[in-house]
Structures are given as structure tokens and as C-alpha cells.
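Shared chain: subunit A. Partners: subunit B in the first complex, subunit C in the second.
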Partner chain A sequence: MIETSICQIVFYVFALLAILFAICVVGSRNPVNSAMNMALSFGCVAAILFGLGAQFLGIVQIIVYAGAILVLFLFVVMMLDLKDEERNTGSMRSAAVGTTIAAILAGLITSISLSLPGATEISCPMAAICDNIGELAPGAEATQATPTPGYGGSLPALSPAAAAKAVQPDISDAEAAKATSMQDIRLLGQTLYTQYNIAFVILGFALLSGTVGAVALARKIRKD
Partner chain B sequence: MDAICNWWNDLMSNDIWFYLLTTAVKLVIMFALILAFVVLSVWIERRVAGWIQDRPGPNRAGLPLFLLQRFGSKEKQPLKDVLHFFGIPETSRIARLCTWLRLDREIPTFGLMQPCLDGGKLFLKQETTPSYVRKLYFIVAPMLVLGPPMVAAAVLPFASCVDTIYGSISMCVANLDIGPLWIFAISGLSVYGLTLAGWSSNSKYPFLGGLRATAQLISYEVAMGLSVIPLLMMFGTLNLQSIVQYQADNGWTLLPLWGEGLSLQRWVMMLPLGISFLIFVTCVFAEANRTPFDMAECETDLVGGYHTEYSSMKFASFFMGEYAAMVIGSAVVVTLFLGGWSIGFGADAALASYSQWLAVLCQTLMFIVKLLAFIFFFVWVRWTLPRFRWDQVMKLGWLVFLELTVANIFLTAAVLYFVK
Partner chain C sequence: MIPLAHYLILSGILFSIGLAGVLIRKNIVVVFMCLEMMLSAANVALVAFSRAQGTQGIPVYDAQVLSLFITAIAAAEVAIGLALIVAMFRSRRSVESTALNTLKD
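And now, the complex of A and B:
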């Protein structure tokens, strides 16, 4: 019981901090302050992922976003030596654009969470995954978990078995139980290269075209 | 007494308390080990530098002999008088140990006290903060350089595990399933320290140093991450403790002489693994900002680089951060390529079957010996090779190492698939 309560406290503390730092990113005038707040926010998101048992995703969050992309942001901000921005208030157009983008993002996140298995029966997708853990207990019959009304606020660590069940709802319990011995990296790899293989390859090509474009821009143009 | 024993039993039988207490003890040991090695590597650096350049190096600061001299006269060798005072015969083991430590000479203990005196000097120096710096980041930057290497050390295993009556203790602080990635991610964060130090100093040369550090660290992180993939393909796990256990059972990565290491596949694998080793070690040099890659603090063109404006303990933090990065880098190379704590030739299993605690002790000593050897290598390279030019560093990172590591991954896959 102690473990779950610690998990909950850690989750809520880091979620709150992530939101606070994200607000600071938008709110602070100095671009370097913004960038550093963004780094802290990424760190908090990584901590949440760690708390959910997705260690690989958490560490990749730190390596890719905090360790590389944001450092490049900082690099550019410092190179351009941006001054504190003037407080710009009252532009209807920018407000409208911002609201539209935020609404699209919120819609995307909602649709993804609703597409998780069991999300429509129970009020929280994470709770659905918790119920799957109960189902996977050795010797337990594969009965439909009774949907608990309302989200009780329990967020246990995501076990690989439950995660396997979440990404591949059609696999049998035996296969999912076998997945408990798998690490989350293997699980992620399997999902990416089987279920989402085409999307993955397309994304790879998109990144490749970006790289080729960057090389073409950086190439010295011969004068002849 | 019984009450205390019972209380201790109850406490240790609780899983959570057992975990917390053992982790705290391991944390203290690991932290002390790393800090001691940071200090020791400064001394090794200066002594080896002296040796390579055919000069004595720091040899004046030994154990404070003036304390001993209180017992004896100043002209005569005080050691004899001290021994006489305590009634120890001159031919005894203690006397011979003292002679070996050169306590009877004018220049005692190989100058081993030098780092302590350096530290004291830096601690007592006047702290000057220029008026034109950006204060907050100026203060935070040294912490961001010193902190990450210490945190990264948490996943390094320094011995195998011990079974106690309360449960098994794995001899590394955090036995994560993402060992090498954790080290890359956390030690990669020290780039913030260098960049912010350069920027917040608000002056020309530190800024150039900070920019160089950013570009260099990001470039070499790519090659570093890609160069360990062949190893991970062979081990099939990212848990450092299991990686070292595999090496203890089946031959070190670069010395497959026992267990499954004698198979044809492992010997053919030596080719891609050798390439990986070369690239990884070079990247560790670049990540630790050491010569021949010390572009960020290259004094010939940047005064002192990113730490030009720093003084006293803030400068010392940068200094210690650099050496901590070097120690951690060496430890990672030792863990991934040179067998980590494993004694080798099946001695680990034999020792463990005799006594697990003895095995752990021997393995820790083995790890320390390997670490010292690799730190010596680090220093040797620094005082032998000249510094690269800036564009050469970038070219090496992006045009040579990146392509070579990607090709190496395909080569490894081919070897693993075709050679059985």
C-alpha cells in the first residue's frame, strides 16, 4: 500500500511541477529563462514516465529533448543574443491561432486516450490498465473485470504485462504473462516494428528528408 | 541486547526498510569512492605528467611531518625517533611499511597530499564575481557541471550480488534496466553547465568556449550512443549488472578467453567490437572535454574558455566536474568493454561459491584496479597527443564516426546472423 501511495504522490507532484514550468516557459520574458524552464518541464515529464515504469521512454525523453534538442535551442538563443521580449498584449489574431492549436492538441490527446482499451467503460484509461493487472494474476480466470465507477485516484506502476495487454488487446493472457519477463524496451520495439511498422518507416523517411535538406542548406555553393 | 537484535531483525525483514537501508549504504560507498577517485585522479594526472615530461611532478606535500617532528629532532630522521617513542623495533613490518611510504625521507608519501593542499588553497582563495555577469546562471553553472557525473554513477555496478538472510543485495546503487542510457542521459546534462557558464559570464572568450562545448558534446553524444549498439546487440540487455555478469561468465568483451567466449562467433565479433571500443573511448575523451578534445577551454585561443571569469570554489567545481566526468567515463569503458568487476577466467564463480562477501571484496578491488589503469591511460593520452583544430574535431565527429558507427551496426548484425 505504501508503494502505491508514494507512486501517487510522486505522480501528482511531478505533474504539477511540469505544468508550472510549462507556464513559466510561456510567461517569462527572457528567452534563456524560457528554455531552462522547458528543460525542467521535460525533466518532470521524464520523472512521471519513470514513475509509470516506462524507464526507457523516460530516459529517451531526457536524452533527446533535454539533452539535445533543447541545448540546440539554447545555442541558437545565445547566438542571436535575444533581448527580453516586449510584452505584446491584445492581438486577437495570435490569440485565435493559439487557441486553435491548443484545441487541436487537446482533441488529439483525448482521442488517443479514448482509443486505449477499456477507456470508454471506465472513466480513466490508466484504471483500465490497472484492472488488466488483476486479470493477469496467476490462476485468475479471464473474466471481465467489473468496471469500477469513477476514478479512485490509484495510479500504480505500469507493469509490462499490463502494457502488453494495452497495446495488443487481442493477445491471450498467456502471451501477456510471458511479456512480464520482457523489458519495456523489447516491448516498445515489438510494438513499433509490428503494429505501427508502416507509420514508423514513414516517419523515418520524413526525418531523412529533413536531414538531407539540412545538408543541402549547409553545403558550400561552388562559384563557377 | 536481544531487544536490539530483534528490532534489527524486524527492521531488515521489512522489504522497504531493507531496500532503503542497503541503498543508503551503497550510495555512501559509491559517492565516497567517486569523490576519492576524483581527488586521486588529479594527483595521478600531475605525477604522470611529470613522469612523461621527465620532471619530478608534485612531490613536496606528504603526510605532515612536522607532527612527527614534535617527537624527534629536526636534523635527524624523525621516523626513527617516532618508532623509538612508540617502542616499535626498526625491523618490524610497521617500520618497513613506513619506509615504503617514504616517511623517513625528506619528500614523503610520493606527494600524495598535494590534492588536499590544492583543495585547501582553492577553498581559501578570494571569491570574485564580476559585476557584469548574469548572477543566477553564473552560480548555477558550476553545480550543473559537478552534479551530473555523480548522479550518473548510480547505475555502475562495483561488485556482483550477495545473498543475505533478509534478501539479495546487488552491488550497484540503482539496478536499472537502462544502465548505459542512464549514464549517457545524465552525464549529457552537464552540457548545460558549460553553456550557461559561457553565456552568463557575459564576456567574449567564455561565450566562445560555451558554444564550442555545446557543439562538441552534442556531436560526440550521437557517435557515443551509436557505438555501444553492437555491444547491446551481443548482450541482449541494457542492465549493467547483467552485462558484467555475462562478461564474468563468458569472457570480457575484449578478452573472450573462457566460457562461451571461445566460440568462433565471439572471435569474429572482435572486429566490430574493436571498432566500437576505439570510437567509444574517443567519444569519452571528447565528452569529458579532455585533451586532445579540450576545445572549450583551449587556453591558446580562448584564455581559459568557459571558466575564465570563475574563481575560488566555483572554479574548483568545474575542475572537479571535469575529473569526475573522466572517472565516470573510465568506469563506463571498464564496465562495458573490460569486464567491469569480473576477475576473469571463472574465478568469480569459484570465489562466490567459497564466500560471497570475499568475492564482493575481491571484485571491488578488481574494479578499482581496472579503473586506475584506465585513468592512467586517460592521462597518458592527454600528455602525449597534441590538441586538434576545431574544424578537425567537428569533421571527425560528423563525417567519420557517425558513418563508421552506423556501418558497424550493420556489420555486427551480419556477424551475429551468419557466423554461428
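And now, the complex of A and C:
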């Protein structure tokens, strides 16, 4: 029970920090401060993804968002020397209108999420930190995993044994039950390279065209 | 015990803050940062749903693949968008969104 409350505290602390840093991104006048706050906010989001058991996506979040994208932003901000551009941060009226629209949207999303069937009933702790990994037998979790219809509130517990079975279908139940870590990356890769193989290749082309397009756009246009 | 709803609310709040930034800020670089925050807020919701819809202890990896695609597209989008901002700064010496008024007058 103590572990559960620690998990809750970890989630809510990181959620609160992510929201606070996001507000700082919008509120700070200096774009460099905004970029730094954005990196911190993405770090907190990555921690929440880790807690959801999506380790690979958490790592990708840190590497891509807090690493690559932050560096690009800082590079552009410093290259353009935006210090004296930040004189009028916008009128009070537009700020009020924007805040109102965003608050209405947040309220809508909150009320919709709370009215999902079973949204606030059962739940699971932050999996990666404190699930009792390895306690479930391979057959036992099937009953536990699907009690709620539709988008219910329960996040079913992860089962490393079932994951091991999915990765290697020919291993025995006893061996699968010994698995202690969730084979997250392997399962993600299995989905990515089988079901979504063509989409993945097209994504590669999109990245390539993005790179070429960025170089073409930022090139100095010669007058002659 | 954290219900799914709380993850969705967190995602919604982050998305709304991003939307507020897009609407309020005049500096296009900061507007772009807020767009990135909106994309990453969508990632949180996707991963939470992937956990919630999972059966037999395995999350639905389709949602996580989609989230990975979003991340990759966001990276490409940042590269192109910042190149556009650099081009805009070259031609107008400003990155304020109010400077883009050629069609207005």
C-alpha cells in the first residue's frame, strides 16, 4: 500500500511539474527560457511515459524532443538573436481570449475523461516502478485484464510472462513465468516491422524529404 | 492507484496550454514550441490508451507505433518549420506573427 502511494505521488508530482513548465513556456518573455522550460516539461512527460510502461517511447521522448528538437530551437533562437524582438508580447485582450478558449477546451476534455465508463473506478499503479512483476502466472492475468467494457478506467497490469510468450511462442509456460522484465522494445519492434512495415518505410521517406526541404528552404537565395 | 482518466486529463491540460500559447504568443518560435507540446500531449493520451486497451498483460502496441510516428514526424516538422522561420527572418527581419500581413494590405 505504501508503494502504491509512492507511485501516485511520483505520477502527480511529474504531472504537476509538466504542467508548470508548460505554463512557463507560454509565459516567459525570453525565447531561450521558453526552450529550456519546454525541455524540462518534455522530461516530465517522459517520466510519465516510463511510468506507463512505455520505456522505449520515454527514451525516444528524451532523445528526440528534449535532445534534438531543443537543440534546433536553441540554435535558431541564438542565430536569429531575438532579444530585441520581444517588445510587445501581445495585448491583454488576445491573452484573455486565448486563455478562455484553452480553459474551455481543458474543461471539456476533463469532463469527457471523467465521464468515460468506469473512468475513475479501478486503476493500476505506475507499472514500471512498482508493479509486482512476475507474480502473475501466464494464465492468471487474462481474467484480470479485461473486466471493463470500452474505454474503462482500469489500466490492466503488465505481464512480462505474456510478453515473453508473445515474443517467443514456442517457449514453455514455466520458462515464460520466469521472465521478470517487460520486453517492451522487442514487442514494439515486432509490431513496427510486421504490421506497419510499409508505413515505417514511408516515414523514412518523409524524414528524408523533410531534411532536403529544410536545407532547400534555409539556403541563401542568390540574386544573380 | 491512478485511473486512466487522470492521464487523459493531464494530456488534455498540456494540449490546452499548448493551444493557449499558439493563440497568445506573437513570437513564431515560441508558437512552434507550443505546437510541439501539443504533439507530445497527444503522445501521453495514446500511450495511456495503449495500456488501458491491452489484454493479457500486453499493451496494444499499435498505439505506441502511432506515437512513435508522431515523434518522428514532429522532428521532421521542426526541421522544416525552423527553416521557414529562418527564411522569414531573412526576408522580413522579424519573427513576429504580426509581420506576416502582406495579404492584409
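Criterion: the second predicted complex is superposed on the first by the 114 of 224 C-alpha atoms of A that agree within 3 Å, B and C clash if a C-alpha of one lies under 4 Å from a C-alpha of the other, contacts with A are read in each partner's own complex, and residues count from 1 in each chain.
By our rule, contacts are C-beta pairs under 8 Å (C-beta built on N, C-alpha and C of every residue); 3 or more make two chains touch, one makes a residue touch a chain.
Owing to the predicted nature of the structure, the values given are computational and were not obtained by experimental measurement.
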Inset, instruction - May I ask you to decide whether A:92 touches subunit B, subunit C, both, or neither, giving the answer as first, second, both or neither? - result: neither
Inset, instruction - Report for A:68: first if it touches subunit B alone, second if subunit C alone, otherwise both or neither. - result: both
Inset, instruction - Go through the superposed model and pick first if A:60 touches only subunit B, second if only subunit C, both, or neither. - result: both
Inset, instruction - Identify the partner contact of A:79: answer first if only subunit B is touched, second if only subunit C is, both if each is, neither if none is. - result: both
Inset, instruction - Could you tell me if A:185 is touching subunit B, subunit C, both of them or neither one (first, second, both, neither)? - result: first
Inset, instruction - Check whether A:109 is in contact with subunit B, with subunit C, with both or with neither, and answer first, second, both or neither. - result: second
Inset, instruction - Report the partner of subunit A that touches more of its residues: subunit B or subunit C. - result: C
Inset, instruction - Have a look at where A:198 lands relative to subunit B and subunit C in the superposition and call it first, second, both or neither. - result: neither
Legend entry - Footprint overlap on subunit A, comparing subunit B with subunit C: 56, 60, 68, 72, 79
Legend entry - Interfacial residue positions of subunit A with respect to subunit B in the complex: 2-3, 32, 36, 39, 55-56, 59-60, 62-63, 66-68, 71-72, 74-75, 78-79, 183-185
Legend entry - Residues on subunit A engaged by subunit C in the complex (per definition of touch): 4, 7-8, 11, 15, 18-19, 22-23, 25-26, 31, 34-35, 38, 41-42, 45, 48-49, 52-54, 56-57, 60-61, 64-65, 68-69, 72-73, 76-77, 79-80, 82, 85-86, 88-90, 94-95, 97-99, 101-103, 105-106, 108-110, 113-114, 116, 119-127, 136, 141-142, 145-146, 151-163, 166, 187-188, 190-192, 195-196, 199, 203, 206-207, 209-211, 213-218, 220
Inset, instruction - In the complex, go through subunit B and note every residue touching subunit A. - result: 16, 137, 176-178, 181-182, 184-186, 188-189, 191-192, 195, 199, 207, 210-211, 214-215, 217-218, 221, 225, 237-238
Inset, instruction - Going by the contact rule at the top, pick out the subunit C residues touching subunit A in the complex. - result: 1-21, 23-27, 29-30, 32-34, 36-37, 40-41, 43-44, 47-59, 61-62, 64-65, 67-69, 71-80, 82-87, 89-90, 94-96
